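Here it is, the structure in full.
Labels A, B, C and D are assigned to the chains in the order they are written; within every chain, residues are numbered from 1.
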């Protein structure tokens, strides 16, 4: 079986990572890659690791022929454009995995507050949130999957067992989240220059970050009662990786061993979530270039606060790897194919 | 006026940074540098930037001749050894600035719990905690100064105004603190290898970190009522810099503008503490290689949580720069000499 | 078909990279991993990315049982120890791929000059130099393969077409070679500490480097007449990658287009060597985490000097990836299996 | 004595570094800083380390008032614009130090070939090449100094003794030069993004680099007979630093000890050039944030090739530090003031 795959908007970092992973996938052939600004150029002139491996030229978008030639289309466009394109492709009957935020939120007023009016609310209803750890069965049948954000995947996975098991005490949950620089995409902005971000750390979005509603939506969906999420994203000088520390008040006193057991049990059957020993810290290095999320569980000395650390590669489990995991599910394959 | 300075234990990173800064200082001459393992070698063969600048040889420690020849001695030894040496030098009548943790804590049971029995409790009583923002006048008269730790300086400065102004609500304070790799000193351990720490982040000391009592001691001294400090230190792939995010519950609703004003006022006369605009994040890059601490003040949407970010260079304001600031005070100089 | 594979000396960086790649290989199962210092510990406690993926414990070496249980053994020991172990395993009849330098050189006096007396000269004669671009057919039949060094692979591939086509003029060839820090292995030495090697470059082995005879041996084997190789290795602050610039005097005036054509033709059928456009520089980034070597060909303005730049990942094509390429050949598989 | 200093074009990295160094200088006050794009903003909002240290606003350029208010003006504009501004300021009678390439080359046809027609050839004749190691006396009297490039300073200093002592044999000199990313200035181009340049190396300008004529001009001026310079610049993932390896054929056989002695003697009185022991490699780390150039001298085994390694900080000795060294000379100060 071969799945014919296209990527609309293939020149960004998530596009490059999709291609890196798809070339290894035993059941995929890539048929179209599009780029408005690089149409006509070989995709290997943008993602240079492709030289000698993939000979496709970037094309201008032609949704009809893409839909006709493909089984699955990954949409790697900026917010807004992604909604338009994703909706159009969905209506053309092809399976769509959108890597933007455009189909992730369900609540229209929330969407409006953070992103403005949604351009395709009818199609939005058909979208499934592409977190296999939660929606595996729905994803198998989905025609349109909203691939989760990298900060959101990390934070949601760090918090899910607390929410699902109703362990939360009163007070806000804090997520102090560090991201490698590819997390920002291939943007020509001053703060992403090597000479600005190397040997430095800075926080941003201190008045609020778009991933907050995404995280809260998924925590609530599993029974979470977090009144507030204080989310502080920070840029750290490394290529890849999200490293999130979640601080959560507990309803009753617990210890790290119990809590770790609960996490280990919750994720026992998950192929890509690994729960470490109590008080063990995960390391970005251990998950870089993999589709794994590693989670370390600690408790403060009073036993009333959980300290949960989760890490993953923002380009793999935080974007393109998870997108392929979703593709596998949508196409009836074992979800781990091409990802181990 | 020339101050004769010696460094006992000069081959570590703080020793190197002391020398870098002292060579620039208009009123200092360095007379002895000691090292047990490198005795006889030029100090410039250890700190290679000294080639062509400083011609001293490392000597074995001879406390009497050091005390005789020096006005001020910096002690850069490991914990335990520092207490012995610092106490002996103090008794020999020379001014001592100790960069270890050995004279920082006042409470003997706390010391015992974290470090074991203190070898010189009588001398300990004479020590002044070398944070000029708090103890400027005492430092001027001190014979023995305990130079604060880098994590502690950052965290204390981030929290002081909240404590002094009694703004704290109930619940623990969280400090999520990231350190560059020099923060660990020149240790030949696996986790400090380039290939281990580059492109990675990891937390450590998740069961408790020695800087916690130091931070709490100083917050309490100014009236702070923090019941608990959850302190999570993390290694980040950069050379220098501490970047600490403090999350503190507030007694009553406030906003970032008010809180920022309060911070700016509290530190208005401080030569090395800069308070940024509300919601502005400091950047490690802006303080690296300087003696400044930059502080950014934000408040969560509910107005009930302060988010205070502080950053400094662990080798300068977090160690050797602050030590020289203390030396300036102890010797009757303007505290900023050689540090701007 | 499943190949049973063991790794003797599995805790170094090449051992880790072997495991990363072998887990992806569709026809391999790993049966033994050994470590003297970590015997009894899970290999995933050393290479943390293995958590949840591979459950083996490190064992002490038992060559007989390893030979009995395995089709192929990778030897990842230090020089000297590798020769002993490799020879013993060879005599036990199992296929051996040695990643050290111990079986790379043919000439006994040269070996003696650089490494001392060879402990198993009889077995040495049976070894095949594991550079598939040169010895593909011999490797298919080999029982013992000496996997080339990372500097050597890069330099040899950069120079081979010049040598084979007899284009060399008089005078030494210069190879200015930069290596990422993993190139040095997992050594607890000062110069490999993050705080020493980050934000720095230094050259080393300025009196001569062990890879010189290896490079010259292979250049001569193809007809190269280089009288001398000036090889200057340098440590550069990155994780992975060799970036070698070769400067070679030419026998007659040429231009970059011709020379590039010649290189492209020479490597036309090679699955893992990519020749770029004339005057195009390769980038480490494009080959990191892959088994590819990219080569860029330029000529100086006079047309009398070739400037050939080659880059590869020292842990993949420069070590473990090439070892697996060799394993594929030795086992009758397509040499690219598991490496694309 | 206070020197009134202005900077035209102060928002780039060399502007920032000038300010960092000038603030430490005991005899300088900064009066104007200009920026077309940031006029009206505090300079500390661009160079954030200036917060709390320097309160100037960026101004639009007004050459007359700048000339009137200043003793010395540093010009930090792009090539072309710098020539215009530098010439105008020169004519207004103020001392000018230009950090661009516009006044570095003397030969008009060479200038035309690399940069196009020079806009002010009359003023060009008045310019002195600002390499104190060569032109100290001329600089003392100069009204217009062309501050050398960072690659050029490194390469020239590495080669000068060979040239001045007529040691060169036949054949091209090769300079393999690596630069940290700030060497490129604050340019919003793809290749300078963190995610592009981190964990990578690439060469550029393989058809020829603008610094070649600058280097050759200065080597010739001291009697050098280099027929050709093969110069290969490379970007390396670090903030600051040039690390150049020069390979030069020798007229007669020599050894490293002799050659090192010759270098040491040649630079014996230079305050900012340090010659290391034979076969010792300099390290970028040892010169970063200093105005020093460190040089290591080796010879190949045949004794017929010199291998000279030079390193400096591209923003200090390679730009702003050297500019201040020149300012000191032009103003009758000890040239090391503010730079140790």
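Note that in this section contacts are C-beta pairs under 8 Å (C-beta built on N, C-alpha and C of every residue); 3 or more make two chains touch, one makes a residue touch a chain.
Bear in mind that the values here come from a model prediction, so they are computed numbers and not experimental data.
Looking at C-D alongside B-D, one finds more C-beta pairs in contact between the chains of C-D.
Among the other chains, B has the CA centre that is most remote from the centre of chain C.
Mean C-alpha position of chain C lies 39 Å from that of chain D. For the pair chain A and chain D, the distance between mean C-alpha positions equals 45 Å. The centroid of the Cα atoms in chain B and the matching centroid in chain D are 36 Å apart.
The set of chain D residues that touch two or more partner chains comprises 196, 198-199, 237-239, 283, 285, 288.
Residues 23-24, 26, 48-49, 51-53, 199, 274, 276, 283, 285-290, 292, 294, 340 of chain C are the ones that touch chain A when the two sit in their complex. Taken together, the chain D residues at the contact with chain C in this complex read 171-172, 174, 176, 178, 180, 196, 198-204, 206-208, 228, 230, 232, 234, 236-241, 243, 245, 247, 249, 279-285, 288, 296, 298, 300-302, 305, 307, 309, 311. The touching residues of chain A, when paired with chain D in their complex, are 13, 181-182, 186, 188-190, 192-199, 237-239.
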